[in-house]
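Below, each structure is written out as structure tokens.
Shared between the two complexes below is subunit A, which pairs with subunit B and subunit C, respectively.
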Partner chain A sequence: MKEQFVMPAKLRTISIVLLAIGILALIIGIFALNGPVSGTRFWIVLFFNAIFFLFMTLGALIVLCAATLAQGSWHIAYRRVIEAIFMAMPVFAIIAFIIMMCLVWGDKSAIYAWADKSLVAHSKLLQKKSAFLNPTFYTILAVIMLGLWTYFGYHIRKLSLKEDLSTAGTTKIFWKTYRVAAIFVAFYYVSNAVSTWQWIMSIDVNWYSTLFMWYIWASLFVSSIAVITLFVILLRNLGYLEWITYEHLHDMGKFMFAFSIFWMYLWFAQYLLIWYGNIPEETTYFTIRAWGSYHTLFYINLIINFCAPFLILMTRDSKRNYTIVAYMAILVFIGHYLDFYLKFMPGPLKNNWHIGWYEIGITLGFIGLMILVVTRNLSKAPLFLKNHPYMKEAIIHQS
Partner chain B sequence: MSLRYESTIREPLINGTKDFHQVTEDIVRPIEGKPGTLWYVGLYISVAMLLFGVFAVFWEVYWGIGVWGVNKTVDWAWAITNFVWWVGIGHAGTLISAILLLFRQGWRTGVNRAAEAMTIFAVMCAGQFPIWHVGRVWDVFFIFPYPNTRGPVWPNFNSPLLWDVFAVGTYFTVSVLFWYAGLIPDLATLRDRAKTKLRKFLYGYFSFGWTGNVKSWQRIEALFLVLAALATPLVLSVHSVVSMDFATSVIPGWHTTIFPPYFVAGAIFSGFAMVQTLLIVTRKVLHLEEYITLGHIEAMNKVIMLTGSLVAMAYCSEFFVAWYSGDFGEGGQFWWRVDGPYWWAWWCLITCNVICPQMFWFKKLRRNIAFTFYMSIIINIGMWFERFVIIVLSLYHDWIPSSWTYFSPTWADMGFYIGTFGLFFTCYFLFSKYLPVIAIHEIKHVLRVSGESYKQNMKSIETQPLPEFVERVSREEHISTGVGALR
Partner chain C sequence: MPVKNFVVGCFKEEEGVFKAVKRVRTSGFKLHDIYSPYPVHGLDEAMGMRQTSLHTAGFFYGLFGVIAALAGMAYCTVHSWPLNIDGKPHFPLPSFIPITFEFTVLVSSVGMTLTFCWLCQIMPGVKKHIFHPRQTDDLIVMAIELTKDSQAEEVKKWFADLGAIEISQQRAEEGWWYGNFSMPAKYEQELEAGHPVTS
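On to the complex of A and B.
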């Protein structure tokens, strides 16, 4: 069993090149994207990517904690991969925090209408909401939530590494991890609502939906599973994790399949009720997305995130096919990237949206950063858990 | 599979030293023996309640809906509350049998049969309410869309009430199929053991001539998987559609997008509570403590805690958005719930559904049988009040202040509700006497891995160093099929 991951030079080069592209796009963006519309584009693209990639790493922690609480053993075979992903959280949390502070304190952007004092002065509704939507409260909550998410990640990782060094057959750390995971899930559960309301729902400040928090959760859960799958397959291709078999691959395929359907369920529940109720305050959200200039993206979103996984991942054979699962993971990742795009852009940019050099450049930069940080984390610890009580179950796991 | 192994950190699912024969003996004992006095007493009380319900319904059909407490403002009250409540209870069974099967949760084997039976009975009870609520019950078949002689008269396909007919109907059908398919091998076991001719004939007839050969097992296992795949979306869809009865309208307190998943979470919450209520009694009376262990009860309490917290978060979300939206009607509605004439119903709901389940954070309480039993009843009271709060408390305070009113149930409302309890428990008593309350063949399936006495064998595997273990299993062809082929 290969214990230590060594980052291949080629992968390193690729990730650094991607990161460089991102930084280049950012620098050009600073100079080229000014003015009311372009300035907004500059910030919203940065913000959207920061949140999306932050949520991917956070999602990995949620997957791990959920599986821990359910006493699952399927994920233990590649738990170090999951750990490496959520240990990238501090990097993305800092980036997201800097951008968020620029959005609410610097008055450069038109992303949060409620952060603009002159707009609030003229709107009764915004004044009413200002108890929840104001820069100070936003900052405090962001510090608490980002801080605690990162802390829990660190804590669980620390326990996991400690378990490797403890004597065989010990279960103390197992139960401790279990308790920490329970507390994290409870905290995440509340912070999920608060963060989605304050960070994302408030972009379309007049719009509201009670389901929104869970809808975001479904999206980040399924795309995190896609990211985990991609890294597992990557490592497998590089000759590591030789105990991972079709059985494990099959499970990852199942999860992508199941949660793609779950995502669609929540999407549809929200859409149907708003369409049926036909209340103007609520329908504005979909008017621009489904009937405005986002029309095409709106339908592509549904095809990629539901139709494709549903039809392609339905059979057993496809979930046990390396190529299909790998491509589906990429597709699901892109799909939810698009889904997030549709949540962020229409509010501030209206019909002036782009998918151009800047968007692609920034995204590639974030992807490069993700690969770089995650692979670095992977090389910091053994690839298997030496003393985990479920490790052997995980190895003989049958899907 | 050549290696039977499960981590010793997992609690055994079957306690004591058992072999296959002993499992059969333990589970069929109540069926083959004579029922005790308690069973008769319970059955008679249930039948009496059922008869009272029949009388209440007769009264309602004879005199009309006016005998109920509904009025001009609150035109939906107890009947729909009870309908939603019973449908909700009917969610645990299919969740256990379908979703937990797909998630490979071994502990489902101890509780699935009884939970599925409970599901079916609960849905039967739920179905009564819309049927008798139509008033002219002789025209109830109008709800089914079929080419008819009434001219172009069709049900309204845009109405969630019609979707309900399909959703609940499909759910009931699939649940019955699932339950029955699982029963077939066990009925055959009963047939093979039967001493009297009548028993042999009946169990033989209903086991469809099951022989237990490999081909049959292969087919029935495949059938379980297909039915599980069909039933999984149904667990979500039924209560989602039920929630749309309310959420598609524009009544404050009803129109909110979180309703579908929140109703589903609430349904699972109450369903598991009902499973606890029934199984805690069943395991005691039928001496099945070794099969429905403390581990099972704890696992279900965890599900209760999870779904209870989901529901609690949904309440928070509703309240938050009622304020955040700045909508006058919505905000007023929610404040009226807390502080209006029916404040006690709302507080009852919060106490039972939000505060109480949080006690299950403590392992000691999760594994305390008396406490669990008590909590399971509290939760179902809370879930009843949840539906009552949503339905009646949203209606009695409507748009026109002059029509604000209060709702009080009549004896006919209560009689109908009590009658469904009678129906439910009558069915359950008969079930527990004539059918195995635990799936015998499924217990046998997990016995060799999760039985307490078999777990001793795992010790030697557990102490083996990891690389050696990998070496061993790859020799036994666990891993070799995967290596290389993946690249």
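On to the complex of A and C.
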């Protein structure tokens, strides 16, 4: 049984090449993308990728805490993978924080209209919202939220590593993790609302939706399940995690299936009320997406994120098939990337959106960074939690 | 439903049942069923049962629910008596979705519950022979049907070797019947009178 993960040289090369492509795209972007529209494109693509990858790593922490609070044993078999993913959060938190500070303190009113004092002076709505949407408050909250998310991540990882050194059969650290997870979940569901409203919803500053935070939450939860699944299958193919069976794969398939439906439920709940209410200030959000130039992406988004997982992952046999689950995880990942794209781009870029060398380059860079950081974290600790009280139950798990 | 002769062995532990299930085919006996007070993991696979078709039925109930709800609403508000609600399109699909969703859930859940009852032969008023009163309490009960090739004494000895704590021979209705529990008494008298093994 191979307990210690060693990063294969090939994977390391691939991730460094991807990261280099990203840095190259960034450098070319600094020189090539100037001016009012291209400059906005430069910043919004960076911002959108940073937030997407930050939320995906954060999602792994939420999956872990939710499963810990439910006293579930299914995730213990690959808990180190989940830990490695959320331990990549500090890297993305720093990147996202730098970009966010550039957006609110730099002259980037094309993305955050409320950050521009001259625009606020002419808009009564922005003046009313300025108590919540102003650069100082934004910075303070961003520091608090990113700091605390990272802190909780470190704390839970530390407890998990401490458990490896403690004596077998004790439950002290298990209950301590349980309490920390409870505090984190309570804090997260407040910070989730604040972060999504302030960071993402305020891009379309005149529009608002109270369901938005749940909708983002469903998106980040299912995409982090997809990433966890991909890493587990990757490790399985490299010859690690021998105790992972079809039963565990079945569970991950079920989660992807269920939360794809949950995402669709929330998406539709938001769409239906706006469509039915038909108030101009609300419908502008969907006018540009469903009937404007984003028309095709809008429907592709629904097909990838709902129809495909719903119909393909419905049967038991497809959830127990490594190939189908791996491809569906990639599809769900791409789908939610597209979903985030549709949340960010229409506001500042209007109809001048691209999926070109810059978008693809930056995304590949982020993927490379993610693989590099996650595999590095994986190699820091043994993959088998030998003292966890649920480890045996997790290995003989039947779904 | 045919009346058959059974030899029933009761086990206190799961291990005994698993050992018996693994040997039942090589010993040449016909396994009728196993009754346990709680779901035993892996027992269905050890018994060689196929996957249930309940979820396939559920899919078709759901499909029926979607079509029935959409067709019903479309007939009422679009075709038969066109309604103009709030200037919405003639066929307002988004506003039909919630009802379609709820109706799909209703049809598939009720349909699957009834299908489950049908597959397990449980219904109000339907009775089945109970091999041992403690089969819902603390015993795992395994019933083996007697055939031409298996003699009662042979099966009893086989159960005793595997460590069954209680072994008995019973003559009972194989399936379900509608009515009360007094039916098996007749068969027990037949058994005492030395009724021959049928089939």
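By definition in this document, the second predicted complex is superposed on the first by the 397 of 399 C-alpha atoms of A that agree within 3 Å, B and C clash if a C-alpha of one lies under 4 Å from a C-alpha of the other, contacts with A are read in each partner's own complex, and residues count from 1 in each chain.
One rule holds for everything that comes next: a contact is a pair of C-beta atoms (placed from the backbone, for glycine too) under 8 Å apart; a residue touches a chain by one contact, two chains touch by 3 or more.
Since the structure is predicted, the reported quantities are computational estimates derived from the model, not experimental observations.
J.: After the subunit A overlay, clash or fit between subunit B and subunit C?
T.: clash
J.: Which partner, subunit B or subunit C, touches the larger number of subunit A residues?
T.: After superposing on chain A, more of subunit A is contacted by B.
J.: Once chain A of both complexes is superposed, is A:379 in touch with subunit B (first), subunit C (second), both, or neither?
T.: neither
J.: Classify the contacts of A:276 with the two partner chains as first (subunit B alone), second (subunit C alone), both, or neither.
T.: The answer is both, since A:276 touches subunit B and subunit C.
J.: Figure out whether A:13 sits in contact with subunit B (first) or subunit C (second), or with both, or with neither.
T.: Neither partner.
J.: Once the shared chain is lined up, is A:242 touching subunit B (first), subunit C (second), both, or neither of them?
T.: first
J.: Which partner chains sit in contact with A:398 here, subunit B, subunit C, both or neither? Use first/second/both/neither.
T.: After superposition on chain A, A:398 lies in contact with both partners, subunit B and subunit C.
J.: Pick out the stretch of subunit B that clashes with subunit C after the overlay, from 43-51, 61-69 or 205-213.
T.: Clashing stretch of subunit B against subunit C: 205-213.
J.: Quick check on my understanding: which residues of subunit A belong to both its subunit B contact set and its subunit C contact set?
T.: The overlap between the subunit B and subunit C interfaces on subunit A comprises residues 272, 276, 278, 398.
J.: Name, in rising order, each residue of subunit B that touches subunit A in their complex.
T.: Contacts found on subunit B: 1, 3, 5-10, 102-103, 105, 233, 236, 240, 244, 247-250, 255-261, 302, 309, 313-314, 316-318, 320-321, 324-327, 361, 461-463, 465-467, 469-470, 473, 478-479, 481-483, 485-487.
J.: With touch defined as at the start, can you tell me which subunit A residues reach subunit C in the complex?
T.: Interface residues on subunit A, with respect to subunit C: 268, 271-272, 275-276, 278, 314-316, 398.
J.: Residues of subunit C touching subunit A in their complex?
T.: 41-42, 51, 55, 59, 86, 88, 94-95, 97-98
J.: Per the contact definition, I'd like the list of subunit A residues that touch subunit B in the complex.
T.: Touching subunit B: residues 1, 69-71, 73, 124-125, 128-129, 132, 168-169, 171, 174, 182, 186, 189-190, 193, 197, 208-214, 233, 236-237, 242-247, 249, 254, 258, 261, 265-266, 269-270, 272-274, 276-279, 281, 322, 384, 386, 389-393, 395-396, 398 of subunit A.
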